[in-house]
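What follows is a group of structures, each given as structure tokens.
Both complexes below contain chain A, partnered by chain B and then by chain C.
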Partner chain A sequence: MKNKVNIAIIGGGIIGLYTAYELAKRGVENIAVYEKNYIGSGSTFRCGTGIRQQFGDEANIKMMKRSVEKWSTVGEEINFPPLKMAKTGYLFLLYSEKEVEQYKKNVALQNSLGVPSKIITPEEAQEIVPGLDISEVVAASWNPTDGKANPFLAVYGLSKALKKMGVEINEYTEVKEIKVKDGAVEGVKTEKGDVKADIVLNAANAWAKIFNEKLGVKIPIEPYKHQGIVTEPFKVGEIKPMVVSFKHGGAYLTQKPNGGIIGGIALKYGPTWDITPTYEFLREVAKNFSKIIPALKYITIIRQWGGYYAETPDHNATIGKINEIEGYYLSAGFSGHGFMLAPAAAEGMAELITKGSSSLPLDFYDPYRFERGELREHAIQMG
Partner chain B sequence: MSDDPRENIIICRCNEVTQKEIEDLIDQGITDIEMIKRITHIGMGPCQGRTCIPLVAGIIARKTGKKIEDIKIPATRIPVRPVPMAVLVGDDDEE
Partner chain C sequence: MRIEEHPVIDFTRKRGKKVTIYFEGKPIEAYEGEPIAEALHAAGIRVLNFTPNGRPRGLFCAIGKCSSCLMKVNGIPNVRTCITLVEDGMKIERQHGLEPLPKDYKPPKWKDAEKIEADVIIIGGGPAGLMAAIKASEHGAKVALLDENPILGGQLVKQTHKFFGKREQFAGVRGVKIAEIIAEEAKKKGVDIHLETSAIGIFPNGEGKLVTAVKKNKKLVEFYGKAVIVATGAMEKMIPFENNDLPGVYGAGAIQTLMNTYGIQPGKRVLIVGAGNVGVILAYQLLQAGVEVVAVVEAMPKVGAYFVHAAKIRRLGIPIYTKHTILRAEGKEKVERAVVAQLDDNWKPIPGTEKTYDVDIVALAVGLRPSIELLHQAGAQAIYVRELSGYVVRHDDRMETTIKGIFVAGDSSGIEEATTAMLEGKLAGIAAALFVGKADVKNAMEEMEKVRKDLDEFRSGPFGQRTRIGEKKVMIK
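Here is the complex of A and B:
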């Protein structure tokens, strides 16, 4: 392990790794990533895999449009073809006129920014997912260019590319604290020794606040327990898109390439560091999933796990420079959207570090907005 | 049948992963059982790794010289056995 680097990144999840990649791509040398467990283990490997542009505000739509472009090409770019976004769409089921009105507005905004979403009839939704119970569905919001990707392959592929580019990835290397001297970062103290660094990026998501608090930086990011399940595989292609239903527990579910369903519901606990799976969640998932697609009653659940949503008060990430400490940057608090947002968040952060500003709407994610009382409209927080 | 007998030895029956696939990853430097699990999906099928995890740990130990007791076994997830959703919903008497 090097004892001096240019950029030290805390957190070997998708945000830390993708940001390292965007920095290395811009010619930055001597980058090191520190991960206290194995790469991906924090939140990335626990995520629901969804990637969507159907948000209700301009910044998230623009960021996600950019992310989708990058998710679509990153596999080829890093010479790792198995990593490929599947454009299988996102289908939001709507059960009331009020919901439809809101989604019509969202669709108009999405369309104005070049996202081809549209409101469709329940029958059209059923053509996309034949097993749907549409008896209470009024309409659906559908975007065929949303989709999903495999977080395991994303982390594995990126880590391979990073090693080739000379980025040092240190697994099982916990950062204990960020060292600051005269108002500027000096480096990081890890369990395997101290490392000097000009720039430190906190990409620890759920754990981000631990480092911030030690430095007296108050950015509200709290860990909440969310959970997911997978089922046994069945005929591939039955549930191609991510299906979302706020009415039924805030459920989201889709079929993986191997035929199993992955998904969850909005039920959350916290703030807490405990991510033990709960029986309440298992029952609620079964109840809500089988209301959306009744035939799922006959499918068996094989695994359930917990993971963190690193939540901010408005459910939008905090991405930017920390003013109190020279050389300290933050990209965390993704509130359940870290995997899908990673490519654009990484590109924005790499631009910010190398050029001082970004072409992407990073202002929206300004870590100081809470202090100023400028909460954003809550992001549509789902899958 | 393949020329390489390791291609015919199934280590994970749930997800049909062969001995060769595991050993190829280790040869590439992927020696962490957690990463091998994510790439191949060993231990993530209905049996929850009862068959494959000890075998994979053994292969890692043999190929890397790590002690088997130093290989941390991945988490076992609930439910321990697969459960139909209908049972959880309390609607399992139709079948």
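Here is the complex of A and C:
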């Protein structure tokens, strides 16, 4: 482990790794990533795998459009073809006129920014997912260019590329604190020794506040327990898109390439550090999934796990420079969207660090908006 | 083929009412109370499904643990046919790789779960679980017990041989009989018993515990208690060799289930792999059921079984080949031949020593591993202990795991045998009754001490050495 680097990144999840990649791509040398467990183990490997552009505000749509472009090509770019976004779409099932009105507005905004989403009929939705019970569905919001990617392949592929680019990845190396001197970062103190660094990026997501609090930086990011499940496999292709239903507990579910379902519901607990799976979640998943696609009542859940959403008050991330401390940057609080947003968030942060500004709408994610009372409209927090 | 005459068990009396099931449209005769896969086997059907790349698969464990027997039943895929009982008119089909979702567009009606309350919840109705239930009841606790199999007794129900040990540990009594005795005793003590009920999770519930389960693949059941005893037993190990998934390569336990529990001839000619107690006892039981055993092969340089068991089958003319192993099974859709070879000192097959047997069954008696899935899910600390045959959870001298109020007993705490399972069950049962505040402290402590002595005594000989080493590793001081 080097004892002096240019940029020290705290957190070996998708945000830390992807940002390291974007920085290295721009010619930044001497980058190191510190992960207290193994890479991906925090929230990335526990995520729902969904990638969508169907948001309700301009910034998130633009960011996600950029992310989708990058998710589609990153595998080839890093010479790791197994990593490829599957454009299987996102299908939001709508059960009331009120919901339809809201989604019509969203779709208009999405279309104006080049996202080909549209409102479709229940029958059209059933053509996409034949097992749907559409007896109460009024309409659906459908975007065929949304989809999903495999977080395990993403982390594995990126880490391989990073090592080739000379980025140091330190697993099982917990950062204890960020060292600051005369209002500027000096480096990080890890359990394996001190490292000097000009720039420190806090990409610890759920754990981000631990470092901020020690430095007196008050940005509201809190860990909440969310959970996920996978089922036994069945014939591939029956549930291609991510299917979302707010009416049914905020359920989201899609079929993985091996045939099993991955998904969850919105039920959350917290703020808490406890991520023990709960029976309440298991039961509600079973109940709600089988209301959306009745034949799922015959399919067995084989695994359930817990993980963190690092939530902010408006469910949007905090990405930017920390003003109080020179050289300190934050990319955390993704509120359940870290995996899908990672490529654009990483690109934006890399531009910010190397050029001082970004072509992407990072202002939207300004960490100081809460202090100023300028909360964003709640992002659709789903899958 | 069904067994009509057997020296120990009268199957003609044991069988239930005749029913008809339909395999790929063809009517097949079966008996109420027997599982689907077993009924199909009796009708000569060995291939139960095909893997996504087209390999035929059949029965392997026959106790619901390995998923080799998944079939489509009344249109529903992935049913564990080895523990799902036949019903008149049932439609059974082979699965071909991954099956589509059933064509069902009617949302299910959700009923609230059935709620069961007790002081102590016991998962597993084998020797350990039943004994734990008896002892916990005796010491004043209200007990509920669940088991995913259709009958109580665990693996005792297929042990036709007589046990050793002390009289109070059922010496001289056949395993099947022991199962009946302790099941009867548990019922008499008022234990609330739920069969065909699979535990799916153990969750904390305030100060207490919640065990959630599914009854008959349909109904959600919630067991609320203050303590949980996990006595989920073990599952058969598999060894690598060519075509080890060919239908007819069966776990020793599956063969015992077929012939000793349901009175079905497993095959005509059998090769047994493994000369531990299970392998040689199985050889004898096969002879009792009128099945030919061509040989027992054992990779180790000596026979692992008790001398009396091994001597008995040698007297009956079954050869035991040590330093031999199976190289491959051969056959189109089921076992037709098995090829064995001698091993050198580095465990490599010696060229030129191959022998081919015409057999239709290869019985694997190559050991068991503890079933600790539920304990793992509950968060109990597990470690790998070679001497106990796999991952086991740590426990103290009252069988309590690293999670307060969760106890373990029997093979799920390390592979041994039914006698020690019963002793561990006693210990866990008394300790759980004490934990929930129902037992008289002095009585409980005294009896636990006595059980511990019995356990030590049983494990004291050379055969107990492995267990003694293993127990030291898992024991929490």
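Here is the rule we use: the second predicted complex is superposed on the first by the 383 of 383 C-alpha atoms of A that agree within 3 Å, B and C clash if a C-alpha of one lies under 4 Å from a C-alpha of the other, contacts with A are read in each partner's own complex, and residues count from 1 in each chain.
Operating definition for what follows: contacts are C-beta pairs under 8 Å (C-beta built on N, C-alpha and C of every residue); 3 or more make two chains touch, one makes a residue touch a chain.
On a predicted model such as this, the values are computed, not experimentally measured, just so you know.
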- Item | Contacts of A:282 with chain B and chain C, given as first, second, both or neither | both
- Message: Just checking: does A:232 make contact with chain B only, chain C only, both, or neither of them? Give me first, second, both or neither.
- Response: both
- Query: Can A:290 be said to touch chain B (first), chain C (second), both, or neither?
  - Reply: both
- Message: Taking the superposition on A as described, I'd like to know which of chain B and chain C A:300 touches: first, second, both or neither.
- Response: both
- Regarding the shared-chain residue A:259, is it in contact with chain B (first), chain C (second), both, or neither? second
- Touching A:127, do we find chain B (first), chain C (second), both, or neither? neither
- Item | On chain A, positions contacted by chain B and by chain C | 232, 277, 282-283, 287, 290, 296-300, 304
- Query: In their complex, what parts of chain B are in touch with chain A?
  - Reply: 15, 30, 32, 34-35, 38-39, 41, 44-46, 48, 75, 77-79, 82-89, 91-92, 94-95
- Query: What residues of chain A sit close enough to touch chain B in their complex?
  - Reply: 38-41, 45, 152-153, 155-156, 171, 230-232, 258, 277, 282-283, 285-287, 289-290, 296-305
- Of chain C, residues touching chain A in the complex: 76-78, 97-108, 110, 113, 200-201, 203-204, 210, 212, 220, 379
- The answer for chain A against chain C in the complex is residues 131, 133, 232-236, 238, 259, 276-279, 282-283, 287, 290-291, 293-300, 304
